[in-house]
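There are two complexes below, and they share chain A, which is joined by chain B in the first and by chain C in the second.
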Partner chain A sequence: MMELFVLVPVLLAFLFCLIFRDKRIRSTGYVSVIASLASLAMVIYMALFLQQGTQSIDWFSVGGYVFSLQVTSAHINMMLLFLVALISPLIMIYSLGFFEDVSEHRRFYAEMNLFAASMMLFSISANFLSMIIAWEGLGITSYLLIGFWYAKSEAARAARESISIIIIGDVAMLAALIILFNAYGTTSFYSISAQPISYPLYAAFLLVVLAVLTKSAQFPFSGWLPKAMEGPTPVSAFLHSSTMVKAGVFLLILFIPVLLKLGLLPVILLLGAITAGIGVLNALSGKHIKRILAYSTLEDLGLMLVAVGLNAVFAAILLFVTQTFYKALLFLDAGSISRANGEEYDITKLRESGGNRLIFITAVIGVLSIAGIFPFSGFLGKVGLEVSANSIYTYIFLVLVEIGTGFYIFRWLFIPMKNSGRMEIKGKLKSTPVSMILPQVLLALFVIGGISVYFFLPSYLGIKSLSLSYLRVIAETIFAIAGTLVAYYIYRRGQTVKVSKGLFVFVHSIDGINWFYLKFAAFIEAISKFLGFLDYFVYMLFYLFGFLSLWVGKRLRNLVNGNVNMYAAWIAIGFALILLALVFRI
Partner chain B sequence: MMYFLVMIALLLAGVLIVSASDRKLSRQVGILFSSIALAIALVMLVEYLHGGTVTYSEAIPYISSFGIYIQFYANQFSIPLSLLAGIVTLAALIGGNPMREKEKATTALALLFEASAIGLFASGNLFLFFIFWDVGVIAAFFMISYLGSGNNHASSKTYLFYSILASALLLFGILLIYFYMPVRSFSIQAIEAGSALIPPSIQTAVFALLFVAFMIKMPVFPFHSWMQSAYSDASTQGSMLIGGVLSKFGAYGLLLLFLMLPIAKVYAPYVIIIAIISAFYAAFNMLKKDDMKRMVAYASMVESALILAGISAIGIFGEEGAIYGMVAYGLGIALLFLSVGSIEFMFGSKSTKVLRGVVRDAASTAYAFLFGIFAATGVPLTGAFIADLLIFIGTERSFGLVGLIPLFSIVIVGAYLYYAAEISIFDTKKGMDMVRYESGHWNPAYALLVFAIIAIGLVPYFILGFR
Partner chain C sequence: MIYQIVMYGLPLAIAALAIQGFGLARRNGKYTTLLTGIILSAIAVIGGLALYRNYAFYEIGGFGGSPALFRVDPFSALFVSVISAVMVIILLISNEEEEKGIFNMFFSLVAVGALVVVLSDSILTLMLGLELVSASTVLAILNGGKRRVEAAVKLFVVSSIAISIFVFALSLVMPYTNGFTIAPISMGGISDALLSLSAILFVTGLAIDAGIVPFNLWMADVYEGAQGNITALLSGVNKKVAFIAIFYIFFVVLALRVSMFAPLFEVLAIITMFFGNLMAMVQNNVKRMLAYSSISQAGYILLGFAVANIEGLSAAFFQIIAHMFMTVGAFAVVMWLAEKNINEVGEYKGLFQRNMFAGVALTIFMLSMAGVPPLMGFVGKFLLFSSAIGTGMLILAFAGIINSFISIYYYGKVIAAMAEGTDKARLHMRIGLGLAIGLCLVVIVVLGIYPQPLISVVHNSVLSVFN
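Moving on, here comes the complex of A and B:
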């Protein structure tokens, strides 16, 4: 039960946002910040003092079967909960400054609190029933948040596209839950992990993997994630670092033993590698400051799936944890930079820091970390993965991705940096409030301090550590720097380069996925058109009956119009007919 | 206590008083009577959840020579479904008639319909079942023909044609049961106990007759052609009551049929196939609709198919799931129809080709529609989630993975409803102006429906706590 108390402050803040109607003052924001800090305090207390264990709360029962919600304080769940609880106050504080229009605060914080609550519930849930509540809660709150600025057509469209993909996963997850419940009478993660291979287990986990692919935006469902950048930047930072897209990966990490048993790991490895490739290639050509980071998230998530596919638990977790910090930091930087430049998102038209040195410094720290340069924490994930590579092909792939990452992320940094010296930008640079700088500085500190997770996570989680030799660390850093140097050489004057036609296909491969969606939608529409025609035909047939009865009724109405002479005439005609019939004996 | 008798008598008295009262007072009087009926239903719910009594019946001899009683059951079916009827009618009376046109007729018909619905759901014998069935059908007919708009007269004729066919089949089936029972009786309990002695050929005939009658009412493919015009041309109240409650007449009848006739188990595999076809047929047909009312109508047809799937999975999960589905989907569909009706009233159109940026001027209606989508797609903590869960646990038990197929029709329904929400409601770039300004007198109705949906989503005990 203790675990569920973490949700209480955020849910109370959500209710406060619903009830509190004064739009002029920032009370909703402050309340949300305090609530998320309270949650953080509780999480820290729990992580330190609570015994690992699982509690279940009965929800309802049908025919002797009890449906219960299970929550756990296992250390791996506490790790995710801690990450969520740590990032959420930072995002809430950042949003205080980010939303200048205070009238938006109430709706934003209401949705944000619900989002955080869903993710916290996800991190502590220990059976499918409580997990699916959080899972679908994430889906609809992310829909609301991506479409937060629905006045822009693009935002409304992006929100709808994301939910149309995510609803596939929601339904697949429900189907998986049902299969597992019928097969084992329970949906608890632990008892399901212990089951031997069987047909229902296989069917259910195929559906779970499908759901994970949609939620974590893996190939072939990756199209929605870059578009989701239409949402406000704090949302992107939250969605890409610790919540939502990480939920799917976390589930896979939990179920690595089952997936191994069922032989699904190679599939996951392949899909992860494809997604990582798509992410890197599209990031190379991107111009939208946030969209490049979104492609980079695709790459990170793909790499996490690769780690899962390699059965490298610790490597996956290292990537998982370190990615949280640097991705949140980079998104907040991107938000600050574009806001300072007057909501400009094109990197070729931006100046790097918006006149604030701290934004630039934190951005550099983030960039060094994501590129995987020692000693920033991001290198842990990269090097852990390369150590776990099981074949020379995987290793080469990972090295190429590594070089690509170094390349695109420094391109992301260099182009705006060079612009600053070179061109005058229209409009005045806006100053950035403290509430936006503070979370960035804190995150930069976390990125640097994150290196420590390598030393204490293995014992905390009780998993095998990876031995990193100096040679590996040096080799990894060299690859990262190689990518950087290429980027520096090409973009040293800040100009963009044209890509050849052969490469163009690859660096815009995301459009290929979107093209595939359109074709699929067209296929569905064709079926619908055919059935619609059929339906309309039958419908019109009966509808004509309705019109016919009206028409006949109108005509027959004249027969009873109250004209007595007419009635008499009809009676006479009737009699005459009867007489005729009698006379001629018909 | 004779709760049901009191409720029905009260509502019928309400019909008379509304008809006799002043035009301006009629709506208030209707709301008063409807809320008293809802309060009685709630008292009944609390009493039976608290006392844990399973079934009781209230009986008054009516035509003793034929063994016909005025007889009502309070059980796990009748109480939740009466609550559904009560809540939807109250919401319809509060928010469903913004025009204040034909106020007396509107209110009186809604009360009459509520009385018939409660009577049908609680009726203890098939005689009463048939009478209340027809009263409901006629009340709904006037909601389409007299209160509706568009091609309401033709639509109502189509509706009536189908309904009379259904009634005829129903009556024929009921009489067959009556004459072939070992001891002639209309009582549902007696039939449940003795129907095994009815010869299988007669059972098959009865099953076929009643199944078609109930399919028409639910509606289920291929007997759904009356639906789209009837739902879209009825008044807002009419759509809410027909989509939310009247379609549950058929579903409830079908559930009774499966409980009453042992032969039904033999045909269950065919029924699930019909459910699968119907779910996807409706979902695909929904895609080309730009009339939001028709869109919601097809969404409700998908959900009827899901209920049908639950009924076909004989067993506790299917049965409870079907009841849960009737209540939860009924509330969600009523909410969607109410919000679409309000949109039509405010903006003068219900076509997604014309409507743009509803949320700018009518935020509460826009969010009510969005919540309706959540409720229709079974987001957890709305009632439909538990309904989906129970129904498909049942079908998976009975039919294996095939039983899970209809679940995926929800993807299509959800995707298209979200699409409609995007282009007509949220994209405010080309916002349109209101035709009529209305300061949200439907907000209490939204609140009532949303509250009810969340209540049964959070506390399934309200519906499942009877045994």
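Moving on, here comes the complex of A and C:
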């Protein structure tokens, strides 16, 4: 029960945003910041003082079935809850400065609070029933926030695309829930994990994996995430990099034992590797400052799936935790930079610092971290993965991804940096308010301090730590620096487009992947058209039914003509009819 | 302590209500509203206390060795509490400026009658309670002035038919009851034909008040003609009281032959649902539409009676409680708009612009009546249909689902009209009305999201009647 109180402040803030409309628009932001800080305080209290345990609340019972919600304070759930509660106030503060048009505040904060509540509920849920409530909340708020600037046709289209992919996963998750409830009479994570292998379990977990693939934007459903960058930058930093898209991964981490038992891990490994590959290749040639980061998020998520597929729990968790900080940081930097340059998103036309040294310094910290250079926290995830690699092919793949990451992320940094000297894009820079700088600085500190999770997480979560040798650490850093150096040599003179023409010809393999998408989409569309054809008959059926009902209603209407004698007569007729019916039956 | 409060406090409070109804009122007695409200709230609290302590059974009355007249068990405690709460909400929406004292007098008497029906342990008190409810309602409608006379007379005519049929039915089974007690009658000696005739007469008499086809043709006229708050009263209290009377008569007094009447309820439920919904489809006046919607809801409730087991009955009573709050809330909004001379569906255009709260509230009430999750009406319908399916009455459940489809049509028509934006002047709502609507909203949303407490309370109280 205690865990659910974390939701209360954000839900109250959500109601506040809904109810107070006219004069208090400015205050919605402040109220949301305070609410998220209150949630954070409660989470810290719980993390320190609450025993691990699972509580069950009966929601409703009907026909002998009891539907109950379960929440847990297991340490791994507390970890995710803490991450969400830690990032959420930072994003709320950042958004205070980000939206210049105050009239947008109310809608934005209402949706953000609803999202934060869903994500917190997701973090603490311990059965499928409470999880799916949160899961749906994540989907719908993601849709709303991607399409936040709905007047832009790209944003509206991206929102539609994301919801139509995510809904596949929602349906799959619901089907899994129904299958599990039918088979075992419970939807609790723990009791389902303990079940022996059976067909329902297999079917349900195939569906769960499908749902995870859509939510975490994994191959073949990875298309929506880069397009989701049409949403405001705080949304990209919060939903589409650090929290919501990782919900699926978190589920997989929870269910590693079951997936191992069912033999699904190699599939997850393969899909994760493909997604990571797609992410890196696209990031290498991208130009949109946020979209490069989105492809990088695809890569991170893919690597997390790889870690799950390798059954390396701790590596997956290290990647999971450290990625939260550096990716949120980089998105906030991207948002500050492009805002300072007047909403310009093309890295070839941007200047790096946005007129503020702190933006640049924090960006460098984030970049060093994502590239995996010691001692920034991102390094932990990368090295953890490489240590866990089970074969030489996996290892080579991971090294290539590592080098690619170092390359594209420094390209992301160097191109705008070199732009500053170029004549044609001189213009006035907008100053960045403190409310935007502060979260970036804090996140940069978290990125640096994140290295500490390696030391206390294993004992906190009760899982096996990794044994890192110096050799591994040095090798990993060398790979990261190798990618960096390549990027430096190519872009040191400010060239911008060299990559797609010269060194990396195979970047064009992206087209092949897109071709696959198009074919897949055409296939689905054909099915949809057929279903739509069938749907027309159903529609006609309903139309006829409605028409008939109206016709009957109009005839019946004459029965009630305002004449009370008639009513009394009908009472007598009714009595007689019932009497006759009974007499003839007896 | 609680025992004493319930034992002595409840009769005292009802007596106070009756005294206030009979004697204290003056034509301009402004304090009477407050007094009625306080007494009703006290009764609601006492009912809640009795429910909380879960007294199995005790009897009040019974002079000189004659059988008891009243009883308090979890079932009656639940409905004492709910009906008083709903009456307080109706009191909040009442704003008949003229002759406030007289209105409160009749209103209190309706409350007394309803409580007497719920608490009755004797068929005679049940009958008196029913009569008190309908007679006081007629007077309360007449209080509204000359243009209410038609509605009042119609109600008077049909309710006098109802009560005379009821008395006739009672006279047939009277010798077989244990001094009119509400307890299963002894089946020895009573002929099947006599029992059936009496049962049909009971159905006829009570169906007139409960709004079951074909005994309910008066309903739309009276609902439309009466004042808004009286309409809420008619739909929220009078009709529910009639259902409780049906429950006492058929499931307690005639309990041993219930399998004989269940098919009759089944047919009546299906006809009533279809009649109410089909008629509602073709109405343009929103108040009249809601009157027919209320008839269709009576069909849903009767569906639970037709299932005739504990699940079905508790589903029906859950739906009764849900519909009390939905209908009072919806009629409150409609009444407020009628005061501004807005009656037809076409005139509802732009309500979201003109008063957001009223628009959202009416939308939620209507969605709840249509049975959209996560609202209380959905839970009620879900329980009803699942109980019907659970006992294999698939036709009944199917009819209910078809009717839910149909009902979306006319609720949707109103909601769509409200959303069509036109920038007319804003409408202001007085605080009491807003408070009442807000209370109904809270009940419907909260118990829709988390219905389990009420489901188990209703289930236990229905069980308590049979033990």
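Here is the rule we use: the second predicted complex is superposed on the first by the 490 of 586 C-alpha atoms of A that agree within 3 Å, B and C clash if a C-alpha of one lies under 4 Å from a C-alpha of the other, contacts with A are read in each partner's own complex, and residues count from 1 in each chain.
In the analysis below, a residue touches a chain if its C-beta (ideal position, glycine included) is under 8 Å from a C-beta of that chain, and two chains touch if they have at least 3 such contacts.
Keep in mind that this is a model prediction, so the values were computed, not measured.
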Legend entry - Which partner, chain B or chain C, touches more chain A residues: B
Inset, instruction - Applying the touch criterion given at the start, work out whether A:V564 contacts chain B, chain C, both or neither, answering first, second, both or neither. - result: second
Inset, instruction - In the overlay, answer first, second, both or neither for which of chain B and chain C A:P196 touches. - result: neither
Inset, instruction - Considering only the touch criterion stated at the top, classify A:I524 as touching first (chain B), second (chain C), both, or neither. - result: first
Legend entry - Partner chain in contact with A:L582 - chain B first, chain C second, else both or neither: second
Legend entry - Partner chain in contact with A:I573 - chain B first, chain C second, else both or neither: second
Inset, instruction - Considering only touches as defined above, state whether A:G546 meets chain B (first), chain C (second), both or neither. - result: both
Inset, instruction - Could you tell me if A:V62 is touching chain B, chain C, both of them or neither one (first, second, both, neither)? - result: both
Legend entry - Footprint overlap on chain A, where chain B in one structure and chain C in the other make contact: 59-63, 542, 545-546, 549-550
Inset, instruction - Show which residues of chain A lie in contact with chain B when the two form their complex. - result: 59-63, 67, 132-133, 136-137, 139-140, 143, 147, 150-153, 156-157, 159-160, 163-164, 167-168, 170-171, 174-175, 177-179, 181-182, 203, 524-525, 527-529, 531-532, 535, 538-539, 541-543, 545-547, 549-550
Inset, instruction - State the interface residues of chain B toward chain A in the complex, per the touch definition above. - result: 153-158, 161-162, 222, 225-226, 228-229, 281, 284-288, 315-317, 320, 359, 374, 377-381, 385-386, 388-390, 392-393, 396-397, 401, 404, 407-408, 410-412, 414-415, 418-419, 421-423, 426-429, 460-461, 464
Legend entry - Sites on chain A touched by chain C in the complex: 58-63, 542, 545-546, 549-550, 552-554, 556-557, 559-560, 562, 564, 566-568, 570-571, 573-575, 577-579, 581-582, 586
Legend entry - Touch list for chain C against partner chain A, complex: 153-154, 157-158, 161, 165, 192-193, 196-197, 200-201, 203-204, 207-208, 213-215, 217-218, 220-221, 264, 275, 277-282, 311, 379, 382-383, 386-387, 390, 405-406, 409, 450-452, 455-456
